Amino acid sequence: MDLVASILIQLLNGVQYGLLLFLVAAGLTLIFGIMGVINLAHGSFYMLGAYMAWYFATMSGSLLAAILIAIPLAVALGLALEWLLIRHFYERDHLYQVLLTFGLILIFEETRSLLWGDDVQGISIPAALNYSIPLTDTLSYPVYRLMMSAVCLLIALAMYLLIQRTRIGMMVRAGAHNREMTEAMGINIRLLFALVFAVGVALAAFAGMLASPISSVYPGMGNQVLIICFVVVVIGGIGSVHGALVAALLIGLAETFGQVFLPQIAGMVVYLLMAAVLVFRPQGLFRKT
Amino acid sequence: MLNPTRVLLAVALVALIAFPLTGGGIFYIQLLTKVMILAIFAMSLDLLVGYTGLVSLGHAAFYGLAAYTLVIVQPGYDPMSILISLPAALAVCAIFALVTGALVLRTRGIYFIMVTLAFAQMVYFVFHDTPLGGGSDGVFINARPLVGWDEWRLLDLNDRTTLYFVVMALMVGVYLLLRRILDSNFGRALQGIRVNEHRMRAIGFPVFRYQLGAYVLAGVLAGLAGYLSALQFLFVNPEIISWHQSGAVLMMLILGGMGTLSGPIVGAFVFVLLEEFFKDDTVFGAFAKHWQLMMGGLIVLVACFLPRGLIGLVQRRRELGEAKHDG
Amino acid sequence: MAEPGPRAPAAAAVPAASSGPPVMIVSALSKQFGGLRAVSEVSLELYVGQVHVVIGPNGAGKTTLINMLSGDLPASGGQIRLGDRDITRLSSDRVSRLGVGRSYQKTNIFPSFTVLENCRLAAQSRAPHPWRVFRRAHDYPDTLALAKKAVAMAELDGREQRIASALSHGEQRQLEIAMSLATDPTVLLLDEPLAGMGAEESARMVQLINKLKAGHAILLVEHDMDAVFAVADVLTVMVEGRVLASGSPAQIRANPQVQHAYLGAEHDHG
C-alpha cells in the first residue's frame, strides 16, 4: 500500500479512536468539573458497557437490540451509584473519593467475573454494517468504524447544544460555579447532579458498547481506557468539554500514528504529550472553571 | 506521657521481636517480613499524603523502579554487594522523583492525582511492554545481595529470620527518621503547607521546593521498600507498579490512620492480614477466589465511615504545638 | 500629624513624623481581567512611621491593589519598587522575604495549629534552615523569640497554646496580624483588619495599628471610617480602580469630589 493511503487509514483510525476516547472523557471531565468528584471507576463503566452488550447481543443476536437494552441499565446503574454513594462524597476530600472509587473498581471487576467470567469475548460487527467502502482505488475502509465516528460526532454536537443552548445546560453550568446560589434559585441541584453523573456513566458504557466489535471484550479494557482519559482531561482542562474533544483527538491521532511509525515507544507518546502540556500549561489547554 | 498509641507500638514491637525467637513458623515470619516492608512503603506515602497534603496515586512507581534496578544491576547468578545495588536503586528513585516531581508539582488537587497516576503508568509500560526487565511475565533474581564486601560478610540475608530482623530494624529506623524530620523546620513547613499552602507562600516559604523535597524523600523511602521486597521474594513483575498497588498502599494508609506515622504501620498489618483472611478458602470456600470483592467492599466501608482510620479511633489527632512531648 | 500646605491632589503627602525616603513606591499600577480594568494607574508611596489608608466603595479595586503589592496577583502594568529594587514580577514568597508582610481580609491562618505555632512558622521563614533535618523546630531560640514578640505585639500573650480555630473572631484577626508581624517586615499591608469586629475589638485594633506605626510603613485598606480617621496619616480614595484623590485626612474630608463619591454614602455601609 502506498504511503498516502496508509496515512489516510491511520488518520481515520486516529480520529475514530479519539472520538471514542472523547465519549468517555467527556463524562469524566463533566463529573470532575461540575461536581468536583474524581471517579476512578469510570473506566469500569466502559468495561461493563462492553460486557453487557456482548451478553445481550449473544442472547438476542442483535447488537443494536443489546445496546438499546444496555443503555437504560447503565443509566440506572449510574443513578443508583450516585444516590447510594457518590453524593455523600461531593464535599469530601479527593483522597476519600479516590479510595471509594478504587474500592468500586474492585467490586465491579469481581462482579463482572462472577457474572460473565474472565475470558476475552468477541462480538461480530452487525451484518448491515459489516462491509468496507472504497476511498481510493487501492483502499477501502470499514463502514462500521465510520459509523462509530459519526455517532460520536453527533453526540459531541448534542452535548454542545445541550450545555450551551438549553436551560438545563445553563443550570448545569451554574451549579458548577455556585452550588448554594443555584439551589437558592429553586433549582434542584441534587437531581441535576444525579442526572449529570448518570449521563456520564451512560456515555462511558455506550462507548464500550460501540467499541466492542472492534476492540473485543476483555477484563482489562476499562483500566486501559481510564488512564488515557485521565491524560485527555489533564491536557484538555478539567470541566472543559471542548477541551476534552481537542485533547482526545490529539491523543487518538498521536497514539495511532505512534503505533505505526514508532512502535517501541507508542505507549509512551501519550505520557510525553502530557509532560509537555504540564511544562507549558499546567492547567490544561482549555481550563474552564 | 502514656500516649495510647506509643504504648500500642511498644507492645507491638516487643511482640515482633519475640515472635521468631519463641518459635514462630517460617510462613508467618515471611508474612510479617512482607508486612513490615509494606509498612515502610505506607509510611513513605504518609509523609507525602498525610503530612504534606499531596495525594499521589503513583507511588508504586518508586517501589517498582527500585525493585527492577536490583534486577538490572544484578542480572547474573553471582550475588553482588548490597552496597552496590541498594544505593543504585535509591538513586534511580531519587532521580525519577526529582524529574517527575518538578513536572507533577506544577499541578494541584485532582490534576495532581491524575498525573501521578499517569507517570506511574508510564513506568509500568516501560517494564511491561519493553524488553527491559523481562516483560509481563516478570523476572527472577538469582541470588540475594550480600551484606558485606568481597570476602567479608556481616549478615546472611538468605536466612529468613535474619532478613526478618533486618527489615524490622529498617522499619523502626524509617519510623524514627521520619518522626525526627517531621519535628524539624522542614517537617513543620510541610505540615504548614498541608494546612494552608497559600499562607505559607505569603509568609515567605518557597512552597515548591519543600514539596519537591518531600516528594523525593517519599520516593526514596518507597524505593527502599521496593528493593527489600525484591530481595525477599527474588521475583519482580510489573504488577507491583500497577495502580492496584498504588491504591492498595493508599488504602493501608487510610485504614491505619493518615498523618500519624503509626497509622500506616497498623494499616499495613491489618490490610495484609485481611487479604490473607479473605483469600482463605477454609473460611470462604470457593468464593475465596473473589476475595477482591470483599476487599473492595471493605475499602468502600472505610472510605464512608473510617476517615481517620484505626488509630483515629484510639486517639485524638495530635495537634501541632500542643505542650505534650516537645515542651 | 502635621498638615502640609496645598499641593497637587494626586501626590501623597510626606508628613513631618516620618523619616527618610519612601520604602515602597507604586507607580501607575494596573490590573486587567480580560475586558475589565480592576485597577487603573494607581500610584502611591509608603514611608516608615506613616499609615497610608486606602478607602473606597466595594469594587473599587482595593483588595486587587493589595494583592498586587504582596505578590499574590501579577500586575498587568506599572511598577512596584521596594527601596531601589523592582519587585513587580516577584512571587509572594519572595516579596515576603524582602520584608513585606501582609494580613488578609478573610482570616487566613492555620486553624489546627496553636497560636504560637502559627507565629513560629511565620518567624521560621526568616531563618528557614530546611536542611537541618535533625534539629527540632522548637530549638531555634531566635525564631521562638521573634514569634513570641509578635504574639505580644498583637496582644495575644497568654493565648499561645490555644488552638487557633478555638479563638474568638477578634482574636483570630489579631493572630492574622501577629503572623505578618512574625515575619519581621518593614512594610505592612493590612487588608481590612477590622473586618467583622465589634466596637471594643475595633478600638483595640486601632490602638495596635498606632503602636505599630513606629518602625513600619503601613498600608491599610479599611471600611470603618472611625478607625480610618483615627490612624490615617495619608488617605487615598479609590473609585472604580482609579485614584480619585490623595492627601491628608483633612484635605480628603474637604474634597468635594470625595464627599460626593464616597464619604457622603458612608452611612449606607454596614
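Letters A, B and C name the chains as they come in the text, with residue numbers starting at 1 for each one.
Here, contacts are C-beta pairs under 8 Å (C-beta built on N, C-alpha and C of every residue); 3 or more make two chains touch, one makes a residue touch a chain.
Everything numeric in this text was worked out from a predicted model, so none of it was measured.
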Taking mean C-alpha coords per chain and comparing to the overall C-alpha mean, nearest is chain B
Name the chain whose C-alpha centroid is most distant from the C-alpha centroid of chain A. C
In angstrom, rounded to a whole number, how far apart do the mean CA points of chain A and chain B lie? 33
Using CA atom averages as chain centres, what separation in Å is found between chain A and chain C? 49
Centre to centre, by mean C-alpha position, how many angstrom separate chain B and chain C? 45
For a test of understanding, state which residues of chain B touch chain C in their complex under the given definition. 180-181, 183-189, 192, 195-196, 198-207, 209-210, 213, 319-323, 326-327
Which stretch or stretches of chain A touch chain B in the complex? 32, 36, 38, 40, 85, 88-89, 92, 94-96, 98-100, 102-107, 109-111, 113-114, 223, 227, 230-231, 233-234, 238, 264, 267-268, 270-271, 274-275, 278-279, 282-284
Which bits of chain B are touching chain A when the two form their complex? 49, 55, 57, 103-104, 106-107, 109-111, 113-115, 117-119, 121-122, 125-126, 129-130, 243, 247, 250-251, 254, 258, 290, 292-293, 295-300, 302-304, 307
What residues on chain C touch chain B, complex-wise? 70, 72, 91-94, 96-97, 102, 104, 108-114, 116-117, 120-122, 124-126, 128-138, 140, 161, 163, 179-180, 182-183
